[in-house]
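In the two complexes that follow, subunit A is the common piece, with subunit B as its partner first and subunit C second.
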Partner chain A sequence: MKTNFLKSILVSFSLIALASCSSDDDGEMDNVNPGQVTLEFDSSFAGNELILGAANAANTNGEALTVTRLNYIVSNIVLVDEDGMEYAYPKENSYFIISEDSNDALADNTKIILEGVPAGEYQAVKFGIGVDKEKYDQGLSGAGDFWDAASAYDMTWSWASGYKYVNFEGGYTTSASGPVGISGEDFKVHLGRASDEVTNYTETTINVPAGSAIIVNEDMAPEVHIITDASALLTAREAVSLEAYGNAIMGGEGAVIVAANVPLVFKVDHVHNNEAGNSSH
Partner chain B sequence: MVVCNAFAIHKTEPTDSLQTTATTKHYVFEDFCDTCGCSGNGGSMGFGTGLDTNFAGVRYISQSYQSRDGIFNDSPWIDENFNTLQAWGRVPIGKRFLVNAIVPYHFHDREFADKSSQDISGLGDITVLGFYKILAKQDSIMVVGPQHSLQVGGGVKMPTGSFDRANNTGSVNTSFQLGTGSWDYVTAINYGLSHNNWGVSAMVNYTFKTKNAKDYQFGNQLNYGLNTYKTYYLSDNFALTPALGVGGENYSEDESYNLSVLNTGGDVFFGKLSVEASYKKYSLGVTSMLPIDQNLNNGKVEVKNRFSLYLNINI
Partner chain C sequence: MTLLAIVGCQNNDDGYTNVSVELEVPAHFPEVTYNLTNNPLTENGIELGRKLFYDGAVSSTGTISCGSCHEQKYAFTHHGHTFSHGVNDLEGTRNTPPVQNMAFLENFAWDGATGHLDLFPVIPITTEVEMDETLENVIEKLKNKSGYKKLFAEAFEDGEVNSENFLLALSQFMVTMISADAKYDKYINNQVQFTEVEQQGLALFEQKCASCHATALFSDGSFRNNGLQPNPKLDDIGRGKVTGFVADNYKFKVPSLRNIAVTGPYMHDGRFGSLESVLAFYNEAVVDSETLDPLLRNNSNLGIATTAEERVAIIAFLNTLTDNTFLKDERFSEK
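Right after this comes the complex of A and B.
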């Protein structure tokens, strides 16, 4: 008891010391009592659970998709607190592959665990979808293991072409032209860099629900449940028809439309502010 | 929580000397519902607030819910069963005061969509309530006409049932707990009106819930009920009292670490049917409640039904 008391005094002093030593002018936070934050990506299709291999209701283009793969790169994660202060997760560790793939050889990745996040109450999560120009410009030597990991998930082209930010595949049918319409065509949507000018890299900022917060400290292990709406990739801002692009959107105008849809694909459904060591169901 | 409506019994004993009057033994059981296992918030309990009768008894309550296991529009519904066995009783203190106590034991279970299941059991939150009789039945045997009774009271629900945050992460139904984990405070009003073999009872109570040691605070709870009943005397010792009523519950949002918890709170309105058989000092009752209208936990939790069975001895 006594040692605990002394310890807490000591901790308090060191907190004061830390706070007074560091400058807040740079807008960065002091990393005290850091905790862990888990971002969990749950895929949906227009509100329903995304089930690989199962047909979904037709979208606004009259195309009914059956998704077999939804892989994407989440990068440059930033947490924003109630005062608008931002904590940027160390860039060198801030590239992740989220995947739901019907290829059983590839384990699904739906969680990102951020370690050493400064204590605080965060209100929003900001992240990129894909790989930014700075990282790309570092070349293969700057890619580290991430290139190999991305490659394993079919998230790369050749090095010069770079990464696939989103690899969205499956089949679809359309009733637009009646029973003789397209039936069971495969589709591929591969989003990536077109040029230095058209990077197609986008960032999104998603707020936690009103009244909620991501509570971070050494005793907590919050989980942020993010819904990724696969249907929104083709419809969120501007509807893009698979048929119109010959069942494959790999670049060009189609990719630019998809890139504009991407930031609207994500939202925070809820936050579980769990105690550390107490994971949810 | 359950019920939260009043089950009432009215008993009239003819006397030989005065055929036109009667002594009235009148008691009302008002089921008071707590927050564990009840609608949005957890188990149930009840207290007898008999207007004139002191009793001790046991009651079994089952509550059947379904809730969404998941966050999607098409997430599956899972069944949750809340069971409570409780000892309850009431003793008078002086002429004007009554003390009610309830000691619940809960055993709840549910099966998730992935076929894994969970059950919890143990002591629930013990509740002790005191009532002051503003109006009580008259002691005189010369009573004629309608009888009114009115009681106001309050008390405390103690954190004797365990609260485990981990229970709250498996489903949107935050009431899958043995207790709120907090000291909660109750205020209540009961009213009864009886005339001949007929009676009406009404009750309202409100529970103020506080933050528990795990920084979780269940939403405050309003319960209300209205019942009407008639007693049929089948012999000198045996009477049957069917009752028909409505009742409702209204919950405020829960808070966790001082932040509101999504998909909590809401309201439910029940229809209720019950029958009590009394033989000498014993009362055996059965009650069924079905929801008429509900919006609990943002529509993600639904009450399917509630049922209770009790045996009391009047003392």
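Right after this comes the complex of A and C.
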């Protein structure tokens, strides 16, 4: 009369997990000769290297930013090959924090290493920025250490519980407020879920430069160098002025505009098709 | 009335048995929103959640537990306190809502600060005026406190004392806290009859209140501005603070009215001491503003008009929502 309720749930979970890496007739791939792929995120500012704590030239809003923190969550990574076939990295392991932070206590996090990627020649990388509704609705189950890690990198809210998808901070000056430098006003751009209707979660697909594929097999360990243009967060699609939003964009219309800019700030700069065991930069 | 049914059990290598529990949902309630497949209820999980709910180790001073503000006999509210007192007696700015029927809600806190019950406890734990702690610290403290290692091991498959299991256990406990055995419920189930005045109150309630205070939960879960004059000292803009949209300013979650007779003071800032004052407010003191709910604006008449006699009847009806079984249920008590 007693059924083994809990165990049967756990068993069915693991069956689902197994099933998701063995289908081949529905557009997914066989996982033969899998290899490792590294995504390296390198921040820039309008074409220049992003140097934390150093002033940048004014943007189209006439605001000159000095960035002290650029942290964001990269999730739901998918690799797309030349035929448009997609390999989705297992969702439960597909949440990462990328961080460049002036706070020395926080180690920079700029690399994502994907293991067990099926052999193939991939032309594009697709990923989310933030935490999708499906994951949010799972609450803490399956979160493992991700919540704690996010909290350590100031990627969680405390007053409105949930994840920050992007935490972009620093100072800025305008021509009216005086010389460019770290002085001026502090700014904070924190992007996250506003409500079930306005989730601010976005996805982007970035192609590799023409002629260079990401070549994956058991002998190769390619590295994909992705450039994240911090400046474009405030300008890519629609310019958003920090001053107009009182130096803080944490929700409302401002966050919606930033969220629409987010998918446009990334591009693949180049790919190193390294042999496994070697790495180059 | 039993809400929990035992449907199975799980034997662990260490020889303990963790019994699965199925949530029994009252027939007249809406659907459960909490995802029980992700966090299946077990006897040990619920019991661990109960222990954590009453453990002061969760606050920085070691003295304030969830149960300090959410007291059972007042349907898990902080009775008599306009604002809740946390560590070092610091005062918050919101009135403590009841913790009941959490399994059915979409959003939590007066402003819907979070959409998932698992994430909710992070707010009181880390808020300075409440428990002023960090989750990491709480977990460290629990690891070093006798008994918890064993309790976590018995409650969860991976047995870890970590933030995931800590929050899942609290959710399991809160999910079981269902209040559905008031006189009203017995009336719905044809077990008792209403008096004439209760009957009259129910009819008035359905006509004047139930568009917002809807379903067997007495809330439609939406955010609305019911016309309270903002308290200039606090200027709490409610939902607008969470979403950042001006159109959400001064909107608050429509609260459940279950156990309303024992959960005073009333409203998000606890400004009203009695149900009479609440009804007098709806009758004559609703203030117009850009976000005032359209239901409370009929041409130039604001609010909900009631006669003195109607107010007596409505309150008689509201008193039928008190659930003494829930207020005394030992499964939810500190013990």
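A few remarks follow.
Assume the second predicted complex is superposed on the first by the 243 of 281 C-alpha atoms of A that agree within 3 Å, B and C clash if a C-alpha of one lies under 4 Å from a C-alpha of the other, contacts with A are read in each partner's own complex, and residues count from 1 in each chain.
Throughout what follows, contacts are C-beta pairs under 8 Å (C-beta built on N, C-alpha and C of every residue); 3 or more make two chains touch, one makes a residue touch a chain.
Small disclaimer: the values here were computed from a predicted structure and weren't measured.
Between subunit B and subunit C, more residues of subunit A are touched by C. In the superposed model, A:R193 lies in contact with subunit C only, and not with subunit B.
Look at A:G252: by the touch rule set out above, it reaches subunit C but stays clear of subunit B.
When the two structures are aligned on the shared chain, A:N217 is found in touch with neither subunit B nor subunit C. Of the two partner chains, subunit C is the only one that A:L140 touches; subunit B does not reach it.
Within the superposed three-chain model, A:G162 lies in touch with subunit C and out of touch with subunit B [touch as defined at top].
Of the two partner chains, subunit B is the only one that A:I227 touches; subunit C does not reach it.
Within the superposed three-chain model, A:D42 lies in touch with subunit B and out of touch with subunit C [touch as defined at top].
Interface residues of subunit A facing subunit C in the complex, by the touch rule stated above, are 2-7, 9-10, 136-145, 147-148, 151-152, 156, 158-162, 193-196, 198, 250-255. Of all residues in subunit B, only 70-75, 112, 165-166, 169-171, 214, 256-257, 259-260, 262-263 touch subunit A in the complex they form. Interface residues of subunit C facing subunit A in the complex, by the touch rule stated above, are 7-10, 18, 20, 35, 37-40, 42, 106, 111-120, 122-123, 126-127, 134-136, 157, 162-164, 167-168, 171, 241-246. By the touch criterion given at the top, residues 42, 44, 47-49, 209, 211-213, 215, 225, 227, 269-270, 272-275, 278-281 of subunit A touch subunit B in their complex.
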